[in-house]
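Chains here go by letter, A, B, C and D, matching the order in which they are written, and residues are numbered from 1 within each.
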């Protein structure tokens, strides 16, 4: 297992869905950051269950404690440990699946890999782990905000319901105005109703989150292997349920000719080099070029559904897996702060790494 | 810059397009591998320029030398250095772009990041760097082949021309039967003619490569950050011109319901746990489940075209960039061995890392 | 700051002397380890203050909590977080030194490096941080013990008082029989009385700890940079107050001729290759050779003394630093479990890394 | 095997004693360094064989080639590959030891670890590998020199012959004035004659090298694990034949009382915080404090001697190992540039890492 991310701003997450606690240690956060506890809690609240009837009704306050690394309101350059104690540690809810492999969950692969498995609520493979990322990401944002970077993400597709507007046509300040976290109110309402129907059917549905990062100066990203978009891609693909990542023109761009796709340079009135179009998605050769960075992340329908499914148990015998209890019919709304967090973690590391390029 | 990849099977590449040499040092290759020089040369030949009229006519023999790590035909567990000396080191061909930023190339971002830049043929940002990856990947394949792993990739889309067959419907032994590296002869011919037309127009076109990996046992991949598909995604996104990555059901899968998308488990006649469908793409929770791994990689049209383009120079003045000489109208055919190589590098590292899961 | 150690068995420690808590996250512990809480507490008890009148009288129970990674008594292969909440978080005791740089402490260097500093009890630079290492080391020992490895260390010198016996002449089961942790009862008593006198003088004294590791099979250690003794050296030198490390013949060995120093090989009655002498200290070319590993670690007299000292404050003005309260006149007895822990952390990582040497 | 060192200024070395070449790839060298080929050759010349009659008479020109990363006389921020082709690749000289384990060499441990071994001249375990370090270290020095750092080392002990002067009492500009590389001419002559006698006896002798680093600003070094002296210790211990490392007061310092050992702070006439003494060796809490850094490195007598020795072969049978050919009776003179190189590699990495401490 590898629960660490980052070369300089390094995070190490821990915790199981129904264990004692989840949390994160951030090693390498610069000293002197004004530590804003509220901004961390705010991000955790955006991710927590029970926000509306289209998210799981499981209750977790997701309040966190700072165990180290902050003194008199500032980070000290030492490791910052953030912990969220789990309120719900009941094992009995999961007795019925202790021995079964739920379809498209990680039960089978964890059992095969490790020989043992904490089956309660998915254990370590649960998306509950992402709360730790959100906390660390909120800290990363404090650093980035100081340097003027802005990070956004929003739901741009649910099932076949796709928002046909680019991010430039949307008011990104409205992302949190509705339960779906789609900044287009009309589309958000349609998505909400659709997700609600899927919920009533006991089923689940996938979707797409669009990410946007503004004000990144030219020069961040470390080719040839740690290209900025490669790090973003890895970070997004490491989120539960993600199946795809594209940036800039993405998969659609493959149909364009080079003469259509190339972004012509020009010098703006302030003498700054800019591009007329931005098919590159703000990154050229793996390094930011000063334009907006944007990308899309595909989420599959989550595996937990309230419908009976065929499977096998640890002995290889055919069994039926029955859904019971609480589930997220669509994780997209709650995944928005997770995408934000991973963007921030990638960017803060890229920012710090860019400080050592020159003599 | 970060030119290293891998945690255990670690590679460190070096070299510029028109410098003295390019190459790679592999630190962490297991001892005892029967070192097959021919298989490395074969992969390099699949990537080299001048294979057909739809690839660049630049001539590079791309023959390599082994500087270390092999003794009496076997790897010794010590670093293996592979070097390809460049035949073509003429700087003068590039004098006309020394001071200009070619649209959608990395000229501007490298200049901004490092302050200096080897402008000859793109320098370090050139796709020539991938020859070193191909050599290292061929070595990785030797290790994987010993353990029965099979790696394939092929061109499945060029521009809007999309092969509407799954990999199961194709004969993967026919990938190298044509210049396009699409195993469907009929589609390959159409693609070839289309690329040839783009070439005559002095333009370029993008496409998609599909990757397939067979016989990976259940248990490879290191959640939560180094999930197998996250590593594959990063590896593919680090290849020049790549704009997107998806695995299993990918972006299309977002439109499915969970009840459609989940892969039901069953036990086959040999007592092995299998899934009835494979929307998961052979990976669940970031760990291989024993099914085929498959994924798609989007390549943009390459930036070098033979058509005049608007741009600016280092002083910020408006200039025209004129294409001259040789170019690849479509990099997909030559990118196939690069995708293979990156698959192999990801898999061999995953294999070795899986050896330390248990007491 | 870098608070992580290990390539496979990776630890990330956190916490300040007088912050909310200290702790460690272990990422990469193999699954299936019988988790023995008592053995962790036992090691923490060996390190904790107040064990005898020659250690600091500060009171810390140093009881720990397991936050993750253990299920039904076994490690699951997921990160194991261990936390020790600090009982004593009073800041006021340290108001008198908040602005002063204590001689030979890290006050000045931390302030200069980070711009801010948690001055309470040394903050992050306090040896309290080593409690987290001891907890992680106890976990490492569980893994090693399963494989038969034995780890010992003991106090072999205090000030000029040097035990003139090799480790083979001592009964290593008697290390904890006295407060000094010197297995020679007679010498231990002399050392105790000497340390007690130093304590009464308000002064401090240094010493040497000898480490011994038995039953390591041939083949552990990763040349050329991560040689087994280089990792041991780094690990020991990272402990507070350590000024030197030597293994095998060490500094004394430089006076020998090669013909005296070389360890002749022979084959024992079981057909095992052994050496007649062991000047090599169980390691040749950076790799264990199957003989006992042994080494010596030099500790300076700790900087905290109860005697007035000249210094400067943050404004650069001359000030007097007065010792008050509680101090360790000699850290050696409490450092024994820390040396044990670092030995275990080095060895467990070496063991796991040795699993990937061969095809 | 792990042949990589450094977090930001990362080196990856390769090559065997009698293979095709040895070399190093430096990934992470800042852009804009004035690349001075002569300074690299000069350091290689200091390390090469055959400098005087007290070093091995083996002949290697040790001239190097730059394969990448330098353009128009400056580093470009891309990987710099330096290669030294071996002139002497004859295997036959080593046929007599192909199957034997030479006492205190790495023959046995490499064979056991990897199953195969390049026996020619020690293969990868040969100190020839350090030529690659010296080349990389010379590059590191270019970066450090730009920032004013000065690095010295010299032979301060051979066998029992110990220079009883501190580095402050010596003229460090005279280090290369004699073949021993001891800046005290009188002592150097004695050492030379002693080594020459050992050579005539076909034996070998150990010694100590003292390292000194000047002008390092306060603030370099990354506690708690990558303390500056811990990295120096690891780096030195990774050099062939090194058995011990101490810095500042070292092993002798354990006998001092805290009141004697503590370095009192004062403010000098320029308003700079200084210490009156420097038992700390320029490092407090793992971070440089602005004073001189100094340390001592113990080298054992090298294992190759011209005297018959008892040993076993790969089959475990008793054999005699006879020395023949060329050997270094004392490696210390040639190890001086290696210690310099490792100092530079540690310091340059520390310098770059210190750039990310603050917001």
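Quick notes on this one:
As a convention for this text, contacts are C-beta pairs under 8 Å (C-beta built on N, C-alpha and C of every residue); 3 or more make two chains touch, one makes a residue touch a chain.
Note that the structure is predicted; figures quoted are calculated from it, not measured.
Common partners of subunit C and subunit D, by the touch rule above, are A, B. Among the other chains, the CA centroid farthest from that of subunit C is the one of B. One finds 26 Å separating the Cα centroids of subunit A and subunit B. If each chain is reduced to the centroid of its CA atoms, subunit A and subunit D end up 46 Å from each other. If you average the Cα atoms of subunit A and of subunit C, the two centres end up 39 Å apart. Of all residues in subunit D, those touching 2 or more other chains are 1-4, 7, 13, 28, 31-32, 77, 113-115, 124, 357-358, listed in ascending order.
Considering their complex, residues 1-4, 10, 12-16, 19-23, 25, 27-28, 31-32, 65-69, 71-72, 74-81, 83, 113-118, 123-124 of subunit C touch subunit A. Partner subunit D is touched in their complex by these residues of subunit A: 7-8, 28, 30-33, 77, 143, 146, 352, 355-359. Considering their complex, residues 1-5, 7, 13, 101, 103-106, 108-110, 112-115, 124-125, 129, 157, 159-160, 198, 201, 203-208, 218-219, 221-227, 229-231, 233-235, 237-238, 243-251, 253-267, 271, 273, 275-276, 279-281, 283-289, 296, 298-305, 307, 309-312, 316-318, 353-354, 357-358 of subunit A touch subunit B.
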